[in-house]
Amino acid sequence: MSGSSFGKNITVTTWGESHGKALGVVIDGIPAGLELNESDIQKYLDRRKPGQSKYTTSRAEGDDVEILSGVFEGKTTGCPISLMVRNKDQHSNDYGNIATTFRPGHADYTFWEKYGLRDYRGGGRSSGRETIGRVAAGAVCSKLLNELGVNLIAYTKSIGPVSINNFELEECLNNKLYMPDKNAAVEAEAYLNTCIKNQDSAGGIIECVIKGLPAGLGDPVFDKLDATLAHAMLSIGAVKGFEMGDGFNVATATGSMNNDNFTIENSKIIKTTNHSGGVLGGISDGSDLVFRVAVKPTPSISQPQATVNEAGENVDIIIHGRHDPVVVPRAVVVVECMAAITVLDALMAHMTDRLSFIKEFYN
Amino acid sequence: MSGSSFGKNITVTTWGESHGKALGVVIDGIPAGLELNESDIQKYLDRRKPGQSKYTTSRAEGDDVEILSGVFEGKTTGCPISLMVRNKDQHSNDYGNIATTFRPGHADYTFWEKYGLRDYRGGGRSSGRETIGRVAAGAVCSKLLNELGVNLIAYTKSIGPVSINNFELEECLNNKLYMPDKNAAVEAEAYLNTCIKNQDSAGGIIECVIKGLPAGLGDPVFDKLDATLAHAMLSIGAVKGFEMGDGFNVATATGSMNNDNFTIENSKIIKTTNHSGGVLGGISDGSDLVFRVAVKPTPSISQPQATVNEAGENVDIIIHGRHDPVVVPRAVVVVECMAAITVLDALMAHMTDRLSFIKEFYN
Amino acid sequence: MSGSSFGKNITVTTWGESHGKALGVVIDGIPAGLELNESDIQKYLDRRKPGQSKYTTSRAEGDDVEILSGVFEGKTTGCPISLMVRNKDQHSNDYGNIATTFRPGHADYTFWEKYGLRDYRGGGRSSGRETIGRVAAGAVCSKLLNELGVNLIAYTKSIGPVSINNFELEECLNNKLYMPDKNAAVEAEAYLNTCIKNQDSAGGIIECVIKGLPAGLGDPVFDKLDATLAHAMLSIGAVKGFEMGDGFNVATATGSMNNDNFTIENSKIIKTTNHSGGVLGGISDGSDLVFRVAVKPTPSISQPQATVNEAGENVDIIIHGRHDPVVVPRAVVVVECMAAITVLDALMAHMTDRLSFIKEFYN
Amino acid sequence: MSGSSFGKNITVTTWGESHGKALGVVIDGIPAGLELNESDIQKYLDRRKPGQSKYTTSRAEGDDVEILSGVFEGKTTGCPISLMVRNKDQHSNDYGNIATTFRPGHADYTFWEKYGLRDYRGGGRSSGRETIGRVAAGAVCSKLLNELGVNLIAYTKSIGPVSINNFELEECLNNKLYMPDKNAAVEAEAYLNTCIKNQDSAGGIIECVIKGLPAGLGDPVFDKLDATLAHAMLSIGAVKGFEMGDGFNVATATGSMNNDNFTIENSKIIKTTNHSGGVLGGISDGSDLVFRVAVKPTPSISQPQATVNEAGENVDIIIHGRHDPVVVPRAVVVVECMAAITVLDALMAHMTDRLSFIKEFYN
């Protein structure tokens, strides 16, 4: 399976470039019988749409999704679901001056080394617009997960030096930074304004929590649930780190601090703490799944930078065009959607883990 | 492909349990013509072997590897290489008292929820002994990588609160903690002695550096080189976090700090810094690949812990048996070996990236 | 990987239904640098287009292909190529009377059993129109193969009782049945006229020959070149049999008849005969690859047939609408295209078979 | 996934060479809770064991299987099952004279072209002994299928010109040729005696019938149940053709002859005939699955044959050693076992086809 596909039971294949005709995704493996229409998907796409605030690119795209296959009379048929978004506001001219120069922090140089040529318009395939397909697919998976009682929520935990101190879920949807802490959001905006003034950009941390997941998901060896989540997360451009539960803090903890004790509550086995972030040995343990990703500052900054061009000359580059001073807020829904795809895949795999499950199914 | 296999061009399939008859691995896709014998593999296995110091379990295993297939007259044949290590010193009785009780921080409970039964002897499949197959496979991949001028080195960056301050590669092999800083190693030993005295355990951080990797490896979307590395790393038991290059520090950096400028040196394009850790857009950029993983403290500690048993009763557990107070030193070679498998896979995939490569090959 | 994808190095994912909005394919893994435009693909699609003779359905579709991604400035970029054909002449009303009745010989019943619902319009996903994606992908693969000196040709070997006696390649393109024997084509037309008159349909045999393939392609165990070709061929609707070289005739041959001797010709090792059809032990042997598939008669016939409906009642069905009395001629290009995908996949896999190949590439 | 693995939900990976230390298989994906011991597997291996009659090689191998992992207290654990058979009677000297000469009809030449070197001892990896792993894996899958009411039976349909006329299942196990027709078996033995006298060998046809399979298995596009079966069958060395149901006879049939009508019997939908061989549109239709494979005559014959050697010289070869004059009888169990693996894989995939199935499972 080539590298534009992800998932085993649910296989998601994205295609498209920033300034090509369209972008899209084929989702194979979604079971028959899920009610689905364009608006189920559009509301997720709208969360990553450009032009929503001064902290996101002003590119004017409606990003209207079209369902091309796999849905009949309002329900999924079990056949591949093809989703497409046409590109409209492409402004290719904006990118002319970087056609032969490698932008620092971007994939220009590595595409050129890999393929010997590259679609230099707006990053081509390495553009953030590639995530349209991921979000569309994740919307479908999330809808199915919700029907099974599984709910995902991702949000901005920090931008630059500004971290959340409170957690108010509703507030998260009230500010353009998707921060669940009103005061932190105000502070973060101030920080971003400084970045813009300095012709610079900011990074941050996104956290995702998944509630309602049964115990038993994930494979105990290479496809541990946290391993496939890490794969999913690092496959998002700009993500440079992943941690599960207590994450990097475990390095300085001791076993007695880090172990989660089990206890019985309402005749159910639960953990009294959740340092593990919801997995033990790579398998979900019935607690909330909790993980974080580190997002790097947007590499496109408008201050002059030293670099080289395809002719092998040292040159300075000034990047014009429309760029987000921070990609964290728009990446929030991408994180949530990639998690939805990963978790749904694991949910389906678990159905064949025991002979007794199979016997019950076929009797 | 089920979850005990990893890799596309190089497919590694491990099998075996802590207290079963044997453990092993099948490596498929290794090209024909690589000189290979047992000692090439044994020297890697010896780095993870138990009983080497008071900081590792005293289980007495030679972990002698046997090559069962895929090598003829001292060279690989292109056919699958089957490697096996027999278990010897199994002491199953040590584990009798935990057969029906779920150890905190372990996969006992999740295996039981997943499969409805479990091999409770020494963790069964979730034991650290499962990594024998990974290390054996990684040894083969590393040998091949070395012939291509690619070299990997992993080492302990910190144990508990003790981090390295210097980097002396040779020192790394002089101490049992694989720390490339003599003083830090002494300090870390003191910390571990305290942990042992407290019936507790320690975590830490492992860093891995890969030198000599050409630019152009990795797929730009789901199989980014850092994404497959993250998958590989989180698939190692006890690993709770992964970061590439500057990792989580990018969250507080700005674009101007985090971007690596390009320049020409000796007619070659290089980066003047390596914040990215050797990848741009998921594709290797010709710099050193640098990443770190966070390893949690050993969950098996000898102080009493509150937990539940299979009968659903709250009980206290005291874990006897032989356990490492820290798994970091023995995990170092596992990290290095999983990285070798991942990188070799990407090296082979790159050979078909351009039509010109294919034309040259077939002409 | 779910079942709408095919291939490992080249991964082809088709989507779309007979009466949906569109049909298409995503091809991932095509190397960068192949010149490609819509007309390269259109000429293959035109070979399977409906309405070309009275022996094919009169549905009026232009089947115009649109390249949506993966091509920049006339060349492939190495990124996934998304191709789409919009459905136009859908006549959904024609199919209203079979919405709840299971047509004999069709997949109506099995889809219903599998998914609990089905897109009954024109066969939905099981329609022959699904092959549009395969042909479009095969056109791309064929173009690349041609540049490597590999050429594929498929043709009608027999229709009903009428087999070819001569082989004139050019004639194959002069008649609508794609038979490389003028007289046989005339005879076959007469047979088809009788079938039409009898409200019945015909089957036949398609043969495919692949020239210029180097020795060494295919994996010796599960992914033998003939095994992946068999998979590809039986995945085409209506195909009920596959044979390689002498095929079923080997059952009555002896070893001395069936073995192909080797000899030296112009300092090259060749076989003096080709009973094997170009593979030995699943690996290409440098001879022409030769295989055949058996195609069943079109199940949609206009005479009344006994069947059942979704309500579980015995009913008679009369199928209206536009149907080919024989699918063989239109399936010829599908066979050729699936073979192209399969063979290209194997060509790319072979590049990593030897350490010496890899060393040469990276030095 | 490299070419020594087969299957998606059930992944079978074989390893080993004819004259290596051992041969084996890793089976991943078998659900937990299946009772399994060595004798379940041994009885399948005994059906393919050499030395059972004068029509099979006299190599003296017990082919005793050892379960190395994945079974605990007599039950499968859900973890990979590793099975191994040690080679004993290797007689490597027998093969010395063919170390540098390419045997006609064998994979010697193609391995050499593919890998640049080869294990010439007894065919190495292309030996029939590779099927030990397949049979061991198929035995496990068959046991599970039997518990679900699915039963497979393969038998010899013809050897050379001698076909069965009757079908007596029990007789099939009474003769060494696995022919379900006593008289045909006697005739076939006479034919084989002639072949031996002529220093020649025979081919034949194997048929397989699978009973008790529910409707709804198989994917409608590339992973049609017949497509994956065809893949499985052509992956067996010596198999040159595959046909489903009426197979190649459909080419001369008409639609009215070939369509299977549906009817209601005991409130169940059944087909009144089974020309389709149990699949419609690639999905099982609830009828018996019926398919056949063509097996070529053993290429190792003792009469002199013209060939070339590695030095590129024309030479004559006389093959000594122990060879079956016909491989059909020993291939019967291999066909049955590969079918079991394929069908079990499809059974597990079907469990996630409908949202209603998934909801029921998780509620």
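Quick notes
Chains here go by letter, A, B, C and D, matching the order in which they are written, and residues are numbered from 1 within each.
Heads up, the rule we're going with is that a contact is a pair of C-beta atoms (placed from the backbone, for glycine too) under 8 Å apart; a residue touches a chain by one contact, two chains touch by 3 or more.
Please read all numbers here as calculations on a predicted model, not as lab measurements.
Taken together, chain A and chain C share the touching chains B, D. Of the two interfaces, C-D and B-C, the higher number of touching C-beta pairs belongs to C-D.
At the far end from chain B, in terms of centres built from Cα atoms, lies C.
Our note on geometry: chain C versus chain D, Cα centroid distance of 26 Å, whole angstroms. The centroid of the Cα atoms in chain B and the matching centroid in chain C are 44 Å apart.
Chain D has residues 1-5, 8-9, 14, 29, 32-33, 78-79, 114-116, 125, 214, 220, 353-354, 356 in contact with two or more other chains. Only residues 1-6, 8, 14, 102, 104-107, 109-111, 113-116, 125-126, 130, 158, 160-161, 195, 198, 200-205, 214-217, 219-224, 226-235, 237, 240-264, 267, 269, 272, 276-277, 279-286, 294-301, 303, 305-308, 312-314, 349-350, 353-354, 356 of chain C touch chain D when the two sit together in their complex.
The touching residues of chain C, counted against chain A in their complex, run 1-5, 8-11, 13-17, 20-24, 26, 28-29, 31-33, 66-70, 72, 75, 77-82, 84, 114-119, 121, 124-125.
For chain D in complex with chain A, the touching residues are 8-9, 29, 31-34, 76, 78-79, 144, 147-149, 214, 220, 347-348, 351-359, 361-362.
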